[in-house]
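Structure below; questions to follow.
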Amino acid sequence: MFEDFQFSTILVATIRSAPILLFAAFAGVFAERSGIIDLALEGKMLASAFVAAACTYAFQNPYLGVAAGILVSCCIVLLQGYVAINQKGNQLVFGIAINIAMSGLTFVLAQYFFQLGGRSPDLGAARFAVFNFPFADWWSTIPALNWLLGKFLGGHTILVYLAFALIPFLHWLMNHSRFGLRLRAVGENPHAADAAGINVAQTRYLALLCGGVLCSLSGAYLAIVQSGFFLRDMSAGNGFLALTAMVFGNWRPIQTALGCLMFGFFAALQIQMEGVAFPIVGQIPGSLIQMLPFVVTVIVLAGVMAKSVAPKALGVPFVKSR
Amino acid sequence: MNSDLPRWATNVVLPFLNLLTALVVAAGVIYLLGESPLEALAILVNSSLGNVEGFAYTLFYATTFILTGLSVSVAMQAGLFNIGSDGQMYLGGLGLTLVMLQFDASMPSWFLISLAFMGAALFGAAWAFIPGYLQARRGSHVVVTTIMFNFIAASLMNFLIITYMIPTGEQNPASRVFAETGWLPRLGSVFPVLGDTPLNLSFVLAVLFLLIYGVVVWRTRWGYALRAAGKSAHAAQYAGISMAMVVIVTMLVSGALAGVAAMNTLAGSMHYLSLNFTNGAGFIGIAVALMGRQHPIGIFLSAVLFGILIQGGFDLSLEKPNIPAETFVFIQGLIILFCGAMENMYAPALSRILNSIDQKWGKHV
Amino acid sequence: DQPKYALVYDAGGKFDRSFNQSAYEGAERFKKDTKISYVDVQVMSNAQGEQVLRNLARKGINLIAAIGFTHAQQVQTVAKEFPNTKFVIVDGTAAGANVSSVLFKEQEGSYLVGVAAALASKTKKLGFIGGIDIPLIRAFACGYTQGAKAVDAKAEVTQNIVGTTATAWNDPAKGSELARAQMERGIDVIFAAAGGSGMGALQAVKEKGKMAIGVDSNQNYLFPGVMLTSMVKRVDNAIYDSFMQMKNGTWKAGVSNLGLKEGGVDWALDKDNRSLITPEIEKRVNSAKQDILNGKVKVVDYREASRCPL
Amino acid sequence: MPIAVEFRQISKRFGKVLANDAVSFAIARGSIHGIIGENGAGKSTLMSILYGYYHADAGEIFIDGEVRAIRNSHDAIGLGIGMVHQHFMLVEDMTVLDNIMLGMEGGFRLRGQRAKAKQTLQTLCVDYQLDIRLDARIDSLSVGEQQRVEILKQLYRNANILILDEPTAVLTPQEADALFAILRLFKQQGKTVILITHKLPEILAITDEVTVMRAGTVVAALQTAHTDKEELAHKMVGRSVATELARQPLEVGATVLEVTNLQLRNVQGVSLLADINFSVRAGEIVAIAGVSGNGQSELLEILSGMRFAQADLMTGQVVIQQEAIDFSKRDPKLPARLRKLGVSHVPEDRLRDGVIKSFSVWENCLLGQQSEQIYLDKKQAVAASDALLEQFEVRPLDSHLRISQLSGGNQQKIVLAREIAAKPKLMLVGQPTRGVDIGTIQRIHTELLALRDAGVAILLVSAELEEIRALADRILVMSGGRITGELNIADYDTTRIGLLMGGLHK
């Protein structure tokens, strides 16, 4: 059975699909560490995926597409800030509202503009360039190097490298920068932060904006890199998976990233497990194999992980009173 | 913030203004799609509220949402965010179907239906038990585990339906149709004015559950313990309330309610189990619970609001081909946004207006 | 008095580039040819299905065509209530003296594209991507495998499905990921029967310069030079014919199972894939078609056998 | 002397409550200025306005003779104002260092700044004799240490005007003394200190001037040197307050609580309680004295059934009303069962354990008592709650308010009222008057004594020796998790108790 599993393929697939969850989960980390529950990841991803794809198609330039996606995501985030920070509204409700609204709106707009059943036209050549290591004709002759440089480390778009570069950067930003310190303070105890002279609302808006940018990258990656077009509801639950990874990772960048990669790994493993005959149980039906990443998560959460501790002020609007 | 507003203002005027805002934005979209908003609104209201049959359909859709909304609300009272109602409803459907398939030839109707009810509740509860148990004993975040259990439920049901439930040679990934003894009595058979609509006994059941929920949560010792545990773990410990117990029991109840929601769809209308029959009702339940602020009347009203959007929206897209059905998904989102998340948007302005009226007339309204 | 017609799509919707769209095209052709218009509706949920059918019947529609197996049960229920209304159910069966059930022998069309795939493949490794694990999708996969193995018994067919929820049909990222994973294992021809997710797979195949096979309608035009062929399922013809028969008064109830012989399924050969189909492939596929037509080859239907012989 | 802060006609309203009503007074630079008043008099509100936490509805604030608009804490900090709040404003899961740097980081990258700040802080710690581990997380610190962090934070920020809101409420006498030493140092350097406290001896000991507030207004401004305890108390409450309470002669009954050989170890195996032996009889008040953190809290937790989780590390026997309590079952419902045995409990941390902030007052009156009936009769519960509020003079008298809308002292009264109303046989009381004004203290003490006279056994844990002296019949002194001495009230001797608290055995 083991010849059916190509570990190298699984690793490559893990890396390639990682940005979807990484960007979104990091967006969640920003929002939630600042004390705002972000159930709206799914909606923001979808909106930016649509706008990114539509603009990439319109301008035939993926960078413009991404920029437009970021813009839209940030608009949603400003609304989110207005609701969560100024209005002190219910953050969970906002998230659900945006997810539902965007699922409907992106379809309606896609249909209105393109008439392809909630799909955008194919982006064709307007995609991100793929990074390749130089001297390919030298290393590609050595199989191990060919895999390492050609598939594992090389051969990805800029967004993949960006997503991975964010892991150490966010760790640094959260733990060793002024912004991170203030952000965490605002999410743990906004009253203390306020007493220390920090503008709670401003810090939270900033955190949300950072999250908005990241979340839109996730959507852009879905549409421009992974699919090559926009399709209705193409976020397909990834926003919620990202949130799961974030909770799993205790709202910390590195652990969250590990959670995302774990999902990616088991999703890739699951792809390879389909149709393979196992000893004793034989071939496991495809529908059952689909459970794998989720079952693993539950087992890890229940068995290995310590209790996850959310930021203390998470979901509580900051009101100056007792 | 709005504590200085009179109750009638917070409970009637503000929701009305919010709904109006949502509708104005929706009207803008409909206008941009090239249709007349007023006409659209007329069709929407007329088809969902304007005739008895349409209203019956509205209530039929609302029934499921009341039950899933209750499921989410109960958990919220205990401070648990059960995102898994959808999966629990799906599994509840399995419990119900197993009873039906096994006994629908051999049992009297009332007994079969009671048994199916228990099957649905039991399976729903069992599916919620695991996340509840893990939260209570292992500290695994119930939000994460219930999301995971939704996915796992989808896989499991997919497997069970296509492997064991499809009658041989059938295309449709669904069970066989239950015998008519297993069909829930339709309210239309008692009140012919309701016409031939799927509105059935589960509606009565759902309203009953709303009442029970209201009484149990606010007027019993168990409900007190539930709310206390939901607000403060320390105070619960001080009062001798077992947090673990509350978590597990609440999840069981929440799951059972979600499971029972399958009654309306399966025993009341479809009469067979099909792939993904919940159609996201569990997620709408979250919106219903949040918008209804976990209050029985709130849950009822927001469930009906969603019923209106589904029933009216559908008819509207039938009459106006320019308005895709998905427009109503968008409008749903808008309504949740304005009525649920931005509910206090007009509170300051309203309170200013009321104050100036107060001053002008020199009395307290 | 002219009969009135209606078309009911399932959750995929009118523009799914798949069988709903194909039905829509059939109806449009009917409209163009006869200048008779029709009503069409998209149903969002199972519970809604009955309501829609009933409403249409009550409005005095004479022929209601419901697309997709999810409608099967609903058609059966509603048809009983409206014995004077005629119903067509595509992709499923429903009992009733006023119901015509149209099924397709997807396995036969899939067999043909399996033959083409095995011939075109250099690695003799083929891929199949399905949306959800359901009998219909298994029938596609099973026919495809039979065709491939008929050409080369050693050909390997790897199957993957996208997911288990409704989003599985709308997850192009996962579809493309499956395709990439398959191609990394050396697979060079991929048959995608996964709705919108399949579009993602086709896109990934195009990027890697391998070959893909489309499904339901002729998708060759999407990526000329990449699309080896498409397994077409003529839902459009089925709808067109039903509407025409109704118009001419020749409409009949019953089950029809449309295969190669009835023109219900086929493989697509046009300018867009001409360059990929060598004369050799064309010859072999056509002879396989002949074999099926004259009964020399019997393609097993997964749905009848409940298992795939391979 | 020049004026550091002057309030002019400051008014602030919360809904129906007028928390500050045209408050005007001035505070001299380089002085220690006391503010006293009943719970809810508006002291904290006024200080919060000065610190920019709230906005005044009307009025002006002058800092160093200039009118200033203080829109937020940031502005206040800019004006050299620092505040140590009643509830500490610390981020629990961050280190001491990060908490102090918060808002004054010095640069975007923390690494270098942390080192710099550390150096500055270490010199400050030496100068002011503060013992603080800069790398410790806040939640690993005792309240006294957290207080020091707050002080250090203000030192680090070089605050010229330091507001302290009830800083000693949670401190041991020793810690309080250390704090006052720092405040005097402050004063010497020409800085201004504003001190809010309910403890009149502190006011008399350290302040130069004192302002008395009642119901949102200033009722008196006095020179500390020219006043005394009685006058202050009278001004505060509006009537004269008896400082000594009358006590009935001791009349003990059967033993209600008997503790034998109680030992407690935490998960790491560190001994928290050892060789605890004592009993409490009906009709007597047994007080446990000791510097907080010496096992009193743990003892109360065990006796009230709240420490079930660590039960396996516990040995010994507890008998209440002749019934041996089995702690080994890890039963989270134990507190409820103990209540059935007639045990009432006023927890030390009332905000955390004793009330549910978002519940209404009447609902909070049911906490712990909820197991009696299945159906909650709201009318009856509200009536009962109203009666309690009236009996204990809770202000405002409205059972439908959220309890968080009440001042701390009133919340405390409600908890006490609730526990007394349960007609206990044994009452466990932890720090009953922490943060409570002098009128309320008197009220609470009267109630506890009445309870004793009615034959209830009372175990009192208090860090206030004054309180112990006023209430106790017997005193147990705890140190390092052991009972280091026992004495009757007749033999009360502050020096001896102090020595025993310091761990010196008899």
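Order as written gives the chain letters A, B, C and D; numbering starts at 1 within each chain.
Here, contacts are C-beta pairs under 8 Å (C-beta built on N, C-alpha and C of every residue); 3 or more make two chains touch, one makes a residue touch a chain.
Bear in mind the structure is a predicted one, so any value in this text is a computation, not a measurement.
Peer 1: Any chance you could name the chains that touch chain B and chain C both?
Peer 2: A chain counts here if it touches both chain B and chain C, which gives A.
Peer 1: Where are there more C-beta contacts: A-B or A-C?
Peer 2: Greater number of contacting C-beta pairs: A-B.
Peer 1: Based only on mean CA positions, could you tell me how far chain A sits from chain B in angstrom?
Peer 2: 29
Peer 1: Quick one: report the Å distance separating chain A from chain C, using the average Cα coordinate of each chain.
Peer 2: A distance of 34 Å separates the two centres.
Peer 1: Mind checking the centre-to-centre distance between chain C and chain D? Centres are C-alpha means, answer in whole Å.
Peer 2: 75
Peer 1: How many angstrom lie between the centres of chain B and chain D, each centre taken as the mean Cα position?
Peer 2: Whole-Å distance between the two chain centres: 46.
Peer 1: Using the touch definition from the top, which residues of chain A touch two or more other chains?
Peer 2: Those would be 111, 118, 232, 237, 285, 287, 290.
Peer 1: Could you check chain B for residues that touch two or more other chains and list them?
Peer 2: Counting only residues that touch two or more other chains, chain B contributes 151, 154-155, 158-159, 162, 324.
Peer 1: Of all residues in chain C, which are in touch with two or more distinct other chains?
Peer 2: Those would be 132-133, 163-165.
Peer 1: What are all the touching pairs of chains?
Peer 2: Result of the pairwise touch check is A-B, A-C, A-D, B-C, B-D.
Peer 1: Show which residues of chain B lie in contact with chain A when the two form their complex.
Peer 2: So the residues of chain B touching chain A come out as 1, 29, 33, 81, 83, 134, 138-141, 143-145, 147-149, 151-152, 154-156, 158-159, 162-163, 283, 286-287, 290-291, 324, 326-334, 336-337, 340-345.
Peer 1: If we count contacts the way the header does, which residues on chain C are in touch with chain B in the complex?
Peer 2: Contact set of chain C toward chain B: 39-42, 44-48, 50-52, 54-55, 69-70, 72-73, 77, 81, 91-93, 103, 132-136, 163-166, 303-304, 306.
Peer 1: Using the touch definition up top, name the residues of chain B that touch chain C in the complex.
Peer 2: Answer in residue numbers: 57, 60-61, 151, 154-155, 157-159, 162, 166, 168-174, 177, 196, 198, 265, 269-272, 274-277, 279, 310, 314, 317-318, 321, 324-325.
Peer 1: Would you pull the chain B residues touching chain D in the complex into a rising list?
Peer 2: On the chain B side, the touching residues are 3-4, 218-225, 227-228, 231-232, 234-235, 237-245.
Peer 1: Mind listing the chain A positions that touch chain C in their complex?
Peer 2: Residue list for chain A touching chain C: 6, 9, 12-13, 16-17, 20, 111, 115-119, 122, 151, 222, 226-229, 231-234, 236-238, 267-268, 271-272, 274-275, 285-287, 290.
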